[in-house]
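One chain, chain A, links the two complexes that follow: it is found with chain B in the first and with chain C in the second.
For the complex of A and B:
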């Protein structure tokens, strides 16, 4: 219950930040730009609308997630409000858990809002909403959930600036899944070793990028159910591990 | 110096010792999950590994792919391409096409448009396309097929480019067949087929041009079956019953019943579908007529028994009424009016509207072989090739081929050149295609060296028609595979070998420069 109360407060606080609204508005604006490309052939304009929409959700979601989550814990410490919170019967793990849940919920609300606009645009253009579009938005949410967990984890022991570059850098590396996967089979043992470590231990954000198959429905994903299930499991397990590590670190941190 | 030791509450210790092993344990399935996801991720994100190859482009376009927005970046670049195309900035399009296909290898439309752009849009000042771009265009299509094997589109485009631009009907048929073998995709417009009806049509036409008439007939039959299915599927149950009843009087082997056809035409409101059906029937009948005239003894007059059965002999015929081959009396003349400007003229009794094909190229010209992985769309600047055709009016033809203006395209860096003038009855205007027999059976020239039979291995001939130059076994309709044996076309062809002095107009081009056809 305490964690939920902190989560609720975190959401309110996040929505008070203007920068988050700016990213959200930019995201919505980019999505609504899609139909402007209607001058292309019907097939191309559909491709551009879908790819732009999903990219806008991802881009705005990325900035919203990072900007929201890097400040969640440091801001409390900086403003010294954490003393008030921790002086109450609130355990540190409850505080971290509350921040996690608040961060996830904020990201969810943002992605859901952009998703609704995106689906409305798709409906406006195609007069139907293909089921694949839901999958795209859903996987973007899980991708952002993993990123939020990573950012909050870093925020327990780094400053917001360092956290920004760390999270952003890992997000970029994590998007090169196919590149890191190819490194695991290289003949040079050093390259292979580093590649294996990066590929299997760092969070692979690229797993969630199924835009290609969504944009072009003719690309059939083999065992789609298993793919979606494993991706969601991956995000949940990885986020949980990061949450546990964040709790352990924050437990020992001097505030 | 004493080191200060932090003392944590017991609960923190407890949590640490309990939760850390739990976290480590929870991490264990992660590599396995990743391993299970890898094959699908690789399949969905085909082309991500190409990001490393992307160079020389704006950072905004590099950043987007790195963040996972490859398709969005590709889409935006494609929009830019469209702008370049409309502003006529053709050179700017090529690097973008290369980049987009690297970023998004499933962008089939970019492969198709890019290959078309390469093959057709780079021209000299007289709008003659630069043939040196054909190998990179074909390599781009090969790459597109490889990356989009699950759809018919790129395969079809490769077939069409070979059919329309290169006139390599063997390669075209191969690509069209591949397109037809595409696995059907549920929900696509063509389902339950992998490719649309038009692929059958163009494949049939391709077989006709290869001389493989039985295959063409078979393809038209398949098209007719499919179009009938399509038309029937749009009818009501009652209408369908009426059509089926009308078909009852059909004889074995009969492809359609006129009564049933009339009903199909009546019940179907879509004009295009109706017209398409009529065109299929017409084309089937034309192909059948060509086949019947050549390979059966039916319907030939006493005076026209076997030898040139398809030839419509123009008067006067000889006294004994035996048909003779038609002498086109081809007399070409080539003049160099200014350095690198060729005036090609002459006489050829082909009929109005026929076209004499012209090729001026390096003596040793050979199309480059390009590995799709290494395809940078570069052309060999040392090669020279021009291809054009001249229309025949009242048995005469004439045109000036100016190769002096476009030095980048026609650099003339080799010591010897080849000028080839030819006439192919199969690729001439439709109204003339059967004038000498569609495969040129009735075509001859008083100068026998002008008659040329295309003996490429892909077009191995048969012995259907004596004296026609065919090789190989006689087709019995059963045992001989038609993908190996087609009827060779008998055409008119004259090849000149000239040197640089003649190109510059310092020495005339005469009949002595004519060499045997290859």
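For the complex of A and C:
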């Protein structure tokens, strides 16, 4: 399949970018600091290791995802490699699909690498791997996959610099799920309108943060399986919509 | 012979949003390229060559007009099986080796192994890239080696029709000559080549037909023979009397008169009757004819003349 060949090429190129490695290494470094911090703080070292680790994966994952996905398509245009690819029997949708798959795989490899280090740390300290930590890493991956889809989608019509702030900004707003949700019930119609639009249109990145369930116990606990499944489905469906939109835009784009 | 490329009224306008200016990169271009010929597409920088090729490949979309490539509408995905494109100044995926790069492109044609390896090897041999370099990363390649890889990727599908955009620009003389010969050899394999270039000596050597495009407009098209036909003759004459009145008389016959020192004149004309008239006049005035040298016109002269004439009429 052509899209897979493009995806594979995309992964190779992504892993050759130094900036991605920098964020990955920072992530792994922060995670491995967990036991040290746990040792130094009077608080429960288990909680420190867990929350620091998940936060490090999220933060490093965030930068890895954005700096990688911003360039997947623009780099091909800048270096004119896209001309040689699209003048071969490659449909534009196959190219975009390949970029999405390649981007997802790159993000997956990064999160998985950090996840392995993180879970190893936990095992080292607790002699077991609690299921919720594994689920936490998994949810972070789906959150980053959604972010990757958003960033690649924007890259079909914005410059990398604009895209950086756009993706970053939307990730921030999307993380304020509780705030945007509360806006949807405000009495001022303008605030309510904008709030509803933002809440339902922008991706709800906040839903993926497992720590949130501590802040908002009312949501979490109804059923953990359903919570997980819904979030994963949400990431997949939202990303698929972005993929379709990206294809529609890229189809009309001059390269 | 059938037309490999048939272009009808192709037009591309770019609108500069900031300056509200319109650039007509390609202006109502109509052209036929026959199967099996090496067709030279000539123009200065910015003439519209690359824009035309990119439209033909469906990378950008025309403002007006259309074209068929091997009988199919331009940009058609199926026809891409049989065509190839070497863009100008491509950087390729330069952390890959030459071999891996070609393997990747071959996969885009769904060519399975072991046929794929065979094709890669053939293409690399054809462009005469030294085998030591096959498994080295492209980053360390010279410009000439990159251009060889560029042509190799264009040959990977054994195409019927190749679009080569300035393949020999910026190369050293040896690489230049070798690549030009490789392009020339494609003709003997029955391939059609659409060669964009401003290297007129190359074009004159390897192309059968050419088109001259300037500021997006097609100025001339024809075989090289047609374009450079008509000899020019350069006459050098000498005589003390030449300057008094003689100059004006000569200029009335041939406008192109150059003074070469005190008593020597150089005249050029492509009309044999005028040449004869000049000779008669000089002999009658006791002048001396130093030399009469017929010159074959070069494509470069024709090109410069054609483009200058167009610029002056605007």
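Following the convention adopted for this analysis, the second predicted complex is superposed on the first by the 240 of 255 C-alpha atoms of A that agree within 3 Å, B and C clash if a C-alpha of one lies under 4 Å from a C-alpha of the other, contacts with A are read in each partner's own complex, and residues count from 1 in each chain.
Here, a contact is a pair of C-beta atoms (placed from the backbone, for glycine too) under 8 Å apart; a residue touches a chain by one contact, two chains touch by 3 or more.
Owing to the predicted nature of the structure, the values given are computational and were not obtained by experimental measurement.
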Using the touch definition from the top, say if A:55 reaches chain B (first), chain C (second), both or neither. first
Just chain B (first), just chain C (second), both, or neither: which does A:209 touch? first
Does chain B (first) or chain C (second) touch A:90, or do both, or does neither? second
Quick one: chain B or chain C, who's touching more of chain A? B
Touching A:9, do we find chain B (first), chain C (second), both, or neither? second
Would you sort A:81 into first (chain B), second (chain C), both or neither based on which partner it touches? second
Thinking of the overlay built on chain A, is A:159 touched by chain B (first), by chain C (second), by both, or by neither? neither
So chain A touches chain B in one structure and chain C in the other; where do those two contact lists coincide? 91, 252, 254
List of chain B residues in touch with chain A within their complex: 6, 8, 11-12, 15-16, 19-20, 22-23, 26-27, 29-31, 33-46, 48-49, 51-52, 64, 66-72, 74-76, 78-79, 82, 104, 106-107, 109, 150-151, 185, 187-188
Contact footprint of chain B on chain A as seen in their complex: 37, 40-41, 43-44, 47-48, 51-52, 54-55, 58-59, 62, 91, 93, 171-172, 175-179, 181-182, 199-201, 204-207, 209-213, 215-223, 226-227, 230-231, 233-234, 237-238, 240-241, 244-245, 247-248, 251-252, 254
If you look only at chain C, which of its residues touch chain A in the complex? 54, 57-61, 77-78, 80-81, 83-87, 89-93, 95-96, 104-105, 107-110, 153, 157, 163
Give every residue of chain A touching chain C within the complex, in rising order. 2, 5, 9, 12-13, 16, 79-81, 83-91, 252, 254-255
